[in-house]
C-alpha cells in the first residue's frame, strides 16, 4: 500500500512438503464419493437410460439386427460364434468408455464452473487431490454398476456362458471406463465452457467406438490406423473383454492391463495437478 | 399536466384493467393514463400487480377484462405494432449471454426490423451514451450489475421507442450505479421519451416520477405527483420514535394525542404532525420514553404507510 | 401462419448466425459423426456383409447405408438444435422473453428457429452428399435432390423436437428424449431394410418418421423414383405442421401469460 511497506519475501516451502500437500489423503476422498452419491440419489432417474437401457438397445439394433444381415458370413470374423455374441463383450467395453467419458465431462465441469460446489469442498479440510480421487472413484463405481447389469443380461440370455468370464468382463470394463474417465476429468478441470467436449466426443470417442475392434476385427484396418488404435484404451478393453467372453486364452494380458492402467494413472495424476492449479489460483 | 391541457390523447389508457391467474387476481380493475412525455411510476410492494400491469402494456400478457389502449391501439389485436414503439427493460436480466455487448444491440435492431447501417450507427451512439463503448466487443457475462442494466436500457432504446418501460430498474444495484442510472433516465426524459417504471423504492419514485400511482394488493390506492400525494395523504412532518422493546404496550390514547395520526410498527411509532419538535415535546410530557427519536419531512413512504397500514419492506 | 415467414422470422434466424460465428467448431464437428458411421459400419462391417439386395439389384452395403446416414444426420442436426439449444434459450437464458418484447411474435420466433435448425441439417446433408460422391456411393443424378428431401426431414424433426421441448421441465428430462432417439436411429431401416423385421414390428418401423425420411433419400440416391416417396413427403409435412402449431401454442402458454 504505502511506499514504506517492505517488499514481501516469498514464502519458502520445502519441495517435499509441497508434494505431500498435493497428494490425496488416504481416506478423505470417500466424503466426496458420499456427496456424489447423495446427489445421485436425487437424480438417478435421469441417467438410467444412458447407463443401462441404451447399451441393450444398441445390442439389439446392431447385434441382432445387423447380425441378421451378416448372417453366416459372421463366422469369418467370429471364428464360429454369432455376430451378436461377437459384439456383445465389445459393446460392454465401449459403453464403459462412453459412460466413463461423459461422466468425466459435463458433471465435472458443472461442479467446477457452474454449480461451483468443488470450490466449497476445497474450503473444508478436503484437499483438491481428495476431490479428484473421490470424483474419479465415483465414476468408476458407476461404470462398474452399469457393466455388471449388462454382464448379467448377457449371462441370463446365454450370450455369455461363463459366469467367471462375466465377472472378469466387469473388471475390464471398469478399468476401461477409468482409462477414459481420468484423462477426461483432467481435461474438464481446465475448461471454461462445454464447447471442447464436442471435440472429444465427436472426434475421439465416436471413431474409437468403430475402430477398436468392436464391430469388426481391428486387423482389417490399415496398419497405421491399427497402430493408433492400440495406443488408445478401448482396443485393449475390447480384446480382453472378448477373450473373457469366449473363454479363449488371453495373449498379451499384461500388456493390455498395462496400457489401460497407464491411461488411468497418468490421467488421474494430471487431473490432480491441473485441478489443484485451478483451485489454488 | 400541460399535455392534458393541450388536449392530446394519452399514450396509454386503462379502464377497469383486470388480470387473473386462475383464482388469483393479480390486477383488479385499475384505471390510469400515461401522457406524452411524462415520467410515470407504479409504486408498490412486491406482488402488488405492477409487473403484470407492465406485461399487459407491453402486449405479452393478454388482459382478462377491461380496456387497454396503447398509442391508440389494442394490444390484443396490434401487439407487434405496439411493441415496435415500446422499449422494455425486464426486472430479471434478459441480455443475450451468447452474444457480445454490441451484438446484443445489433440483433435487437434486427428484431425491430431496422436496416443494418442504421442499427450500427444507433448502436454506437447508444454505447457511447451509456458509457459502454470500451466494452463493445466483450461478452456480457463478466459485466457488473450496473453495466448490464445500462446495456439492457441501451438495448431497449435501439429503435428509438416512444415509450420506455422499466420494471424495477435499480433493484440490486449499488447506490452509485443507481444514481448513474437515474441521471441517464432523466436525460432520456428531457429528450422527449415517455418513461413508465415500476419500483418499490420510495426515493426512486420521488426523484424520478412526474406522476405515479400507488398499487397495493392488485389495486390502485392513490394517484398524483409525489408532492400532491404527500400533501394529500401525509402531514407536513413526521416524528419517529424508536422503542427497541416493542410498541405493543404503548397506550393508544396517548399516541393519538401527540400528532394528527400515528402508525404503530414493530419497534417504531410514526407520528404525522405539523411540527415534529413540538410533537416530541408532547410525547415526553405524556410520559413516553423512546430510546431515540427523529423528525423529518413526510415522504412517499409515509403516504404508503398511511394508505395501507404497512411499511413497504414488510 | 405462412405470413410469419416475414423478415421478423429471419431476424430470429440471424441471432443464431451471430452466436454460431463464435461456435463454428460445434457445427463442423457435427459433420464427422455420420462419416465415422459410414466408415465403421458401412465399410467396416460392410466388408463382411458384401452386397445386399435393394430394389431388385445387389448393391454394396456402404451404398445402402450412406443415404440413411445422410437422412439421420439431418434428423440429428435439426433435433439437437430444437431440443438442447431451444430449451436453454427458453428456460435458462430468457432469450425468448427478450425477443418477445420486440415486434417479433411467437409465430415468427418458431419459424425463425425452425429455419435455423433446418439449415444445420441441410449443411450436414450437403457435406455428406459430397463425401458420398467422392466415395462413389451415388448412383443417380437425382441424388442432387437429396438436400431438398432433407428439408422435409429437418422440418419434421425440428418441429417435433421444438414441440416436445416446450414440455420438458429440466435437463434431467433429456435422458427420456434419448429413449426415443437412439432406437429411432437404430431401427428406422438405417442399417438394414425394414423387410427384415417380422410381422407387426415391420409396420411399427415403417411408420417411423426417420424410416420415411430414409426411404425418401435412399430412393433419390439410387434414382429409384416411386410413388411411396409422395407418402414420405406428405407424412413428414404433416408432422412438421402439427409440431409447429403445437410449439407455437405452448410458447404462448409459457411466455405470454
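We just call them A, B and C in the order they show up, numbering each chain from 1.
Basically, contacts are C-beta pairs under 8 Å (C-beta built on N, C-alpha and C of every residue); 3 or more make two chains touch, one makes a residue touch a chain.
Predicted model only: the values in this text are computed from it and were never measured.
**Student:** Given the contact rule stated at the top, which pair of chains has the most C-beta pairs in contact?
**Tutor:** After counting contacts between each pair of chains, the winner is A-C.
**Student:** If you average the Cα atoms of each chain, whose average lands nearest the overall Cα average?
**Tutor:** C
**Student:** Which chain has its C-alpha centre farthest away from the C-alpha centre of chain C?
**Tutor:** Most remote chain from chain C, centroid-wise, comes out as B.
**Student:** Need the CA-centroid distance for the pair chain A / chain B, whole Å please.
**Tutor:** Those two chain centres are 55 Å apart.
**Student:** Taking each chain's centre as the mean position of its Cα atoms, how many Å separate chain A from chain C?
**Tutor:** 30
**Student:** Would you kindly tell me how far, in whole Å, the mean C-alpha position of chain C lies from that of chain B?
**Tutor:** Computed from C-alpha means, the inter-chain centre distance equals 48 Å.
**Student:** Across the complex, what residues on chain C touch chain B?
**Tutor:** Touch residues, chain C against chain B: 7-8, 11-12, 14-15, 18-19, 22, 93-95, 97-105, 255-257.
**Student:** For the complex, give me every residue of chain C touching chain A.
**Tutor:** That would be residues 23, 25-26, 29-30, 32-33, 36-37, 39-41, 44-45, 47-50, 52, 61, 171-176, 178-179, 182-183, 186-187, 191-192, 196 of chain C.
**Student:** Which residues of chain A touch chain C in the complex?
**Tutor:** Residues of chain A touching chain C: 43, 45-50, 53-54, 57-58, 60-62, 65-66, 68-70, 73-74, 76-77, 195, 198-199, 202-203, 206-207, 209-211, 215-216, 220-221.
**Student:** Per the contact definition, I'd like the list of chain B residues that touch chain C in the complex.
**Tutor:** Those in contact with chain C are residues 21, 55, 58, 60-62, 79-81, 83-84, 86, 88, 90, 92-99, 103, 106-108, 110-113, 156, 159.
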